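Two complexes come next, and they have one chain in common, subunit A, joined by subunit B in the first and subunit C in the second.
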Partner chain A sequence: MSKTFTLDGKTIPFKDGQTIIQAALDAGYYIPHLCHHPEFKPHGSCKLCTVVVSGHQTASCTLQPAEGMVVESETEQLNAERRALTQMLFVEGNHFCPSCEKSGDCQLQATAYHLGMMTTHYDHFFPNRPLDASHDDYLLDLNRCILCSLCVRASRDVDGKNVFALAGRGAQTHLIVNARSGRLADTDFSATDKAAHVCPVGVILPKKRGFAVPIGERTFDKQPIDAYVDSRLARKES
Partner chain B sequence: MGSPDTACASYLDPILERYGYRSVNLLQILREAQESFGYIHPDAVDYLMLKLDIPRTKIEGVASFYSFLHLEPRGKYRVLFSDNITDRMLGSQALMERMCRNLWAEAGKITEDGLLSVDTTSCTGMCDQGPALLLNNIALTRLTEQRVDDICSLIRQQVPLHAWPTEFFQVTDNIHRKDLLLSEGFVPGAALEAALHRGAAGMLAELEASGLRGRGGAGFTTAVKWKSCRNAPGEQHYVVCNADEGEPGTFKDRVLLNSYADKVFEGMTLCGYVIGAKQGILYLRGEYRYLLDKLNAVLTRRRAQNLLGKNILGQPWFDFDITIHLGAGAYICGEESALLESLEGKRGTPRNRPPFPVTHGYLNQPTVVNNVETFAATCHIATAGGACYADIGTAKSTGTKIMSVSGDCARPGIYEYPFGVSVRQVLEDCGATHTQAVQVSGPSGVTVAAHEFDRQIGFEDLPTAGAFMVFDRNRDLFEVARNFVHFFAHESCGFCTPCRVGTSLLRNLMDKLHNGHGSPYDIKEIENLNQLLLSMSHCGLGHTACNPVLNTIVKFRPAYEARMLHQEFTPAFDLDWSLQAARQMTGRDDNLAHLSNTEPLP
Partner chain C sequence: MTTSLETAEHPEKLRRVAIDPVSRVEGHGKVTILLDADNKVHQVRLHIVEFRGFEKFIQGRPYWEVPVMVQRLCGICPVSHHLAAAKAFDQVLGIEHLTPTAEKIRRLMHYGQIMQSHALHFFHLSSPDLLFGFDSDVAKRNIVGVAEKYPEIARQGVLLRKFGQEVIRITAGKRIHGTGAIPGGVNKVITLAERDELLQNIYQMIDWSRTAVHLAQQLHEANPALYDSFGLFRSSIMSLVGNDGEMDLYHGKLRARDEDGRLIFDGVDYQDYQKMIAEGVKSWTYMKFPFIRSLGEKRGWYKVGPLARVQNCDSIPTPFAEAERRVFIDYAGGVPFHGPLAYHWTRMIEMLHAVEVIKDLLHDDAILDGERMAHGERRREGVGVIEAPRGTLFHHYQVGEDDLVTMCNLIVSTTSNNQPMNEAVRQVARRYLHGQEVTPDLLNHIEVAIRAFDPCLSCATHALGKMPLEVTLLDAGGCEVSRLTKSAAGKFCA
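Here is the complex of A and B:
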């Protein structure tokens, strides 16, 4: 007999060692998330996946369920707070969706749609962030980085390379690459790296291939993000 | 000059040697590399990558997290003015301007000749003897215009620091009220002897009977922590003393370490005995760098006294030693799991919990993390017994509490009371008059208004890590809250979205009110942000970041109303104000160079 917990009243089976979000996604239930990825170690920084467990709010990507645990996710309050977090991520960087190659394939954008975000609400920070076009095959547009560390984990844990890392503190936190020059071209990054294919937004982009799929026919144009459940499916489409 | 390798090797090799070429000591290695060279040169990074076998991203990621580490050249003299509200109240801002004027420096920048950089830093823990600054990470206190001028000429003449007048660096204890902990006559080893006599289980039972709760703020029962750690399986157990003391307005751990270090180290050793640890680590905040040599000397003496090291007090099975790890300017490293990350040579990001440090702490091994004062208190419990200790204070807050009193009062300094003392009593004792408010336990604590002065210090009513900042009738509580909000925005570790972005948004809102663009809308926004930070943040910093504003909005409404110049929402953006830079560049300030906000735009 497998153990179960309930998510918004639905019974979800889980295996030992799974987190709440893993079990929920496996069972076909979507909980909004950005820094979680089923193939990588939990990180727990974006806080989009926050749920309520016995009155306390906690990230569902880092907490392991217990037998009979009661978890709430689709509440008005939680979705309002998730919307606010999404707005924060938008104003913190520079996101010009209409001109972004990732538009329609972007999890941040799709999550914003899902949560009914109509404006960015907060004043924009308009940070000065660089664009690194040094590499032959890939471009880094750091304007869009949401600091989810997926590329960091992919490069370290899968590629065994440590091409990316977070640096700085607080509002100055930013992505760096593993080269004295600070340029992607001077790292051992390659287009076949796992890290080249995990960015949920439009930072790590392939060059020489622009708008191959027209806007309107992209991943989240076809179905909203909650229909995919597992973020890997989004990538299989493209 | 040889290759970069050989040039760096001369100063890096001895450091690497001392730290056993272990990347877990990266923070200490970087700190010492900087002490030798002034900053962490890219060549040094290359060399460390090679010798420690770690990627550059790791070194740069760590170095850039800590305020006191620099990957780029800084001035030969690096001046950081303590920017706590108490320093400001003593005139720190004018003194910093004076220094900049004297030496043609610009705040936040390094002078063209590379001689000097001047900037601000979070509270340096010298609130009772401010305004204070750090010069190349060494504390200078009691600044006056005269002293600033003297400092400027010493810098101009490039006099090396060791040749400066010693009184500039004098830090005094300023103890005004002593009770149990600050009493004299502690004989090093007495508590250990008593504990050995009782046995580890007996010692734990006394600790339980004492009701001792942690003094670092959260007030967790110490016996429970020690017991869980003792029972947790692991290859090694560790004792960690939290001397990060970053909460603005707190400086009691500094005094305990300066004059009562034996009690602190002995408390750590007691803990080692009870939980079966062989190693203890003191995490000393970077601001207290000046205490390092003195503390190391105490450790050396205790080793000679057979109170540390092998076979302590002649017991063949009792080995325990203590090392000191210095922080490098990051308030978040006071949070216990961030502290452990920092001890392991990483960025000070709070861990996901559970698991907790008692089972998975330093190097993933069972670890007790306690505050300096908590460890000191255990010595008295060992010698006099738990029941005796429990007689002091109140039912849920046994024992005494050391308070760091600063701000508007005649006698700022250290006061130790049994728990249960009223705010009014402390105010009377420190000679405070016309008091408007007291900030208890620092920015993350509570703002207590005059009608609440009969409230009591203790876990039942006003829990505190020790800070007690006094504000008299002339102070503007809005500006106090704004200073605190800037502190949180500066110290957020940046790991989680709500705090990383939210503390900056909060700071911007408070600045907006300050700049005269406030309306009731903004107050509502602040309340919403607070809700979000409380429910969504990853750690205590985010949870408490809105406290100062929420407290003062309720209790000092007029200070906010004076700022709400508008009834309707007004943008923070001011067209005329943003032309300031253009006016400065063109040297114009005539009427035509100004936009009147009342005129509609074409």
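Here is the complex of A and C:
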């Protein structure tokens, strides 16, 4: 007999060591998330996966369930908070969906649709973040970074390269490239790296290929993000 | 309000009339009419919103993003910018010939845009003026009024436009902000079901387009005294023409003629457009003034768009439109016709041509399947030119080794038509300005003259209402003598 907990009234089985979100996704149940990726250790930074356990809010990507635990996720209140967090992510960076090549394949955009976000609500920061086009095959458009650290984790834990890091604190946090010049071309980053394929938004992009997939055939044209319950499917391995 | 009027010999003796569109949200313009000491119209200036900001904005962006991003430039003909940019980056990728499938899908998209834009302009924006008269009751002079009095014409207009929009949607992926054209080709073909859907109605569209040409023709024939001379001025013309001199709105070589129809240049590869065209700058606006180098800055301005194209080409390669071109040329007596109201007639001939081209393309299986992308040797620079609904559109880019755009230069159709519009308004003002009062009659006629060119100003493409205008008459010292405003709803107030 495997252990179970309940999520919005549904019984979810789990194995030891699994987090709430892993068990839920394995069981075919979607909890909104951006910095969670099933192949990597939790980071717990975006807080979109927040659920309520025994009256307390907690990140479902970091908490392991216990037998008989009662978890709430699809509540009006939680979704309102998730929507506000998503709006903040939009205004903190420079996200212009109509001319972004990641449009239709972007998890931030798809999550915003899922949460029924109609406007950005807050004032835009309009940060000044330069592009790094130094690498022959890959472009970094930091305007769209949501600081999920997936590239950091992928480069460190899978590629063994440490190409990316998060620097600064709080509102000053930003993604850096580990090279004295700060340029991607001066690292050993390569197109076959895991880190080249994990960015949930449009920062780490293969060059010369933008818009090759027509509208209608992109990841989230086919079905909304919550239909890709196994989040591995939601990531377009480009 | 004392901008130096550098082309006037004695500006101190001139009086200014400023006509300001009230809506300044998007594209906006401003007309200044200069009177001389005898209260005669001396000069006219139409100030158009300029695009310089965008050219800066695109610098530093990756080149493959630009054809999608440039659609933000103008909500009025985004597809034309999309395609002109894609054509420029084909050159950057060293591609001289697209695959047949890519070329045909792009042409389909482009002629869909011509069709929807021309239908919108003729039926929604201009037919109220043309059918009811320029100074008829403003409350009725709109598409709703047309729908009441001429329901069949209004219905055909709406459906023609819708058909064009549908062609854009299936080729670009969306009606607006599509992504169909990418540097080197296209990202999609169309399905059999989409094609069959369009084929069902295409012959109806051709019929209605012929009717529209005849309607425009009848307007001229019914009142030649007005139609042939309203806003009349003479000028050179320029457009792309196909390899055999035929009309080709998607691709070709540059040809220009003088006001008598004599060739100024012909067969010019547009990669070398800067050898033929220069852009003048003026102290009073950021907008540039393109002119034909060999004629010089003063005399080198030219008109673009339907009236230029229909007379610049040697033929139109589709039968119904070619027959209508001949009727038009005969009406003009075999010499260049310069009356701006003939923009409407020639615009409808082009719409008919666009629909015929769409029909032929729909019968071509290359749009259903085939190689989408071509490849070539990378270059640093590329120019893309297309005949947009309003005229010749230039996109010129340089791209760094890191794939980011380092330079962008655009010449949009309305910029080329700036001086022609000034001239047309000057002629109209000469005829309809009496005394020192800005009258509704003057305002209405200026609006009709500007409208004929189909400028891409948001005030000029206001969906339902009239062009919002403010006319202020100032004396030489800048003091207001008279003022009249017309709202988008057509209401006048002093």
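The rule is short, and it goes like this: the second predicted complex is superposed on the first by the 234 of 238 C-alpha atoms of A that agree within 3 Å, B and C clash if a C-alpha of one lies under 4 Å from a C-alpha of the other, contacts with A are read in each partner's own complex, and residues count from 1 in each chain.
Methods note: a contact is a pair of C-beta atoms (placed from the backbone, for glycine too) under 8 Å apart; a residue touches a chain by one contact, two chains touch by 3 or more.
Given the structure is predicted, the values throughout are model-derived calculations rather than measurements.
Novice: State whether subunit B and subunit C clash or fit side by side on subunit A once the two structures are superposed.
Specialist: Superposition check on subunit A shows subunit B and subunit C fit without a clash.
Novice: Could you figure out whether subunit B or subunit C reaches more residues of subunit A?
Specialist: On the superposition, B touches more of the residues of subunit A.
Novice: Applying the touch criterion given at the start, work out whether A:Ala191 contacts subunit B, subunit C, both or neither, answering first, second, both or neither.
Specialist: A:Ala191 contacts neither subunit B nor subunit C.
Novice: Quick check for you: in the superposed arrangement, does A:Val70 touch first (subunit B), second (subunit C), both or neither?
Specialist: In the superposed model, A:Val70 contacts neither subunit B nor subunit C.
Novice: So, does A:Asn178 touch the first partner subunit B, the second partner subunit C, both, or neither?
Specialist: first
Novice: Kindly classify A:Ala212 by the partners it touches after superposition: subunit B alone (first), subunit C alone (second), both, or neither?
Specialist: second
Novice: Looking at A:Ala227 after the superposition, I want to know if it touches subunit B, subunit C, both of them or none. Which is it: first, second, both, neither?
Specialist: Neither partner.
Novice: In whole Å, how close do subunit B and subunit C get at the C-alpha level once superposed?
Specialist: 6
Novice: Using the touch definition from the top, list the residues of subunit B that touch subunit A in their complex.
Specialist: Interface residues on the subunit B side: 42, 45-46, 55-58, 60-61, 64-67, 330, 347, 352, 489-498, 500-505, 508, 528, 531-532, 535-538, 571-573.
Novice: Okay, in this complex, where on subunit A does subunit C touch?
Specialist: 98-101, 130-131, 133-134, 139, 141, 205, 207-217
Novice: In the complex of these two chains, what residues of subunit A are touching subunit B?
Specialist: Touching subunit B: residues 42, 44-48, 50, 57, 59, 62, 81, 84-85, 88-89, 91-92, 122-123, 125, 146-147, 162-173, 176-180 of subunit A.
Novice: Please output the residues of subunit C touching subunit A within their complex, sorted ascending.
Specialist: Checking each residue of subunit C against subunit A gives 60-62, 64-65, 67-69, 71-72, 172-174, 177-180, 182, 187-188, 400, 402-404.
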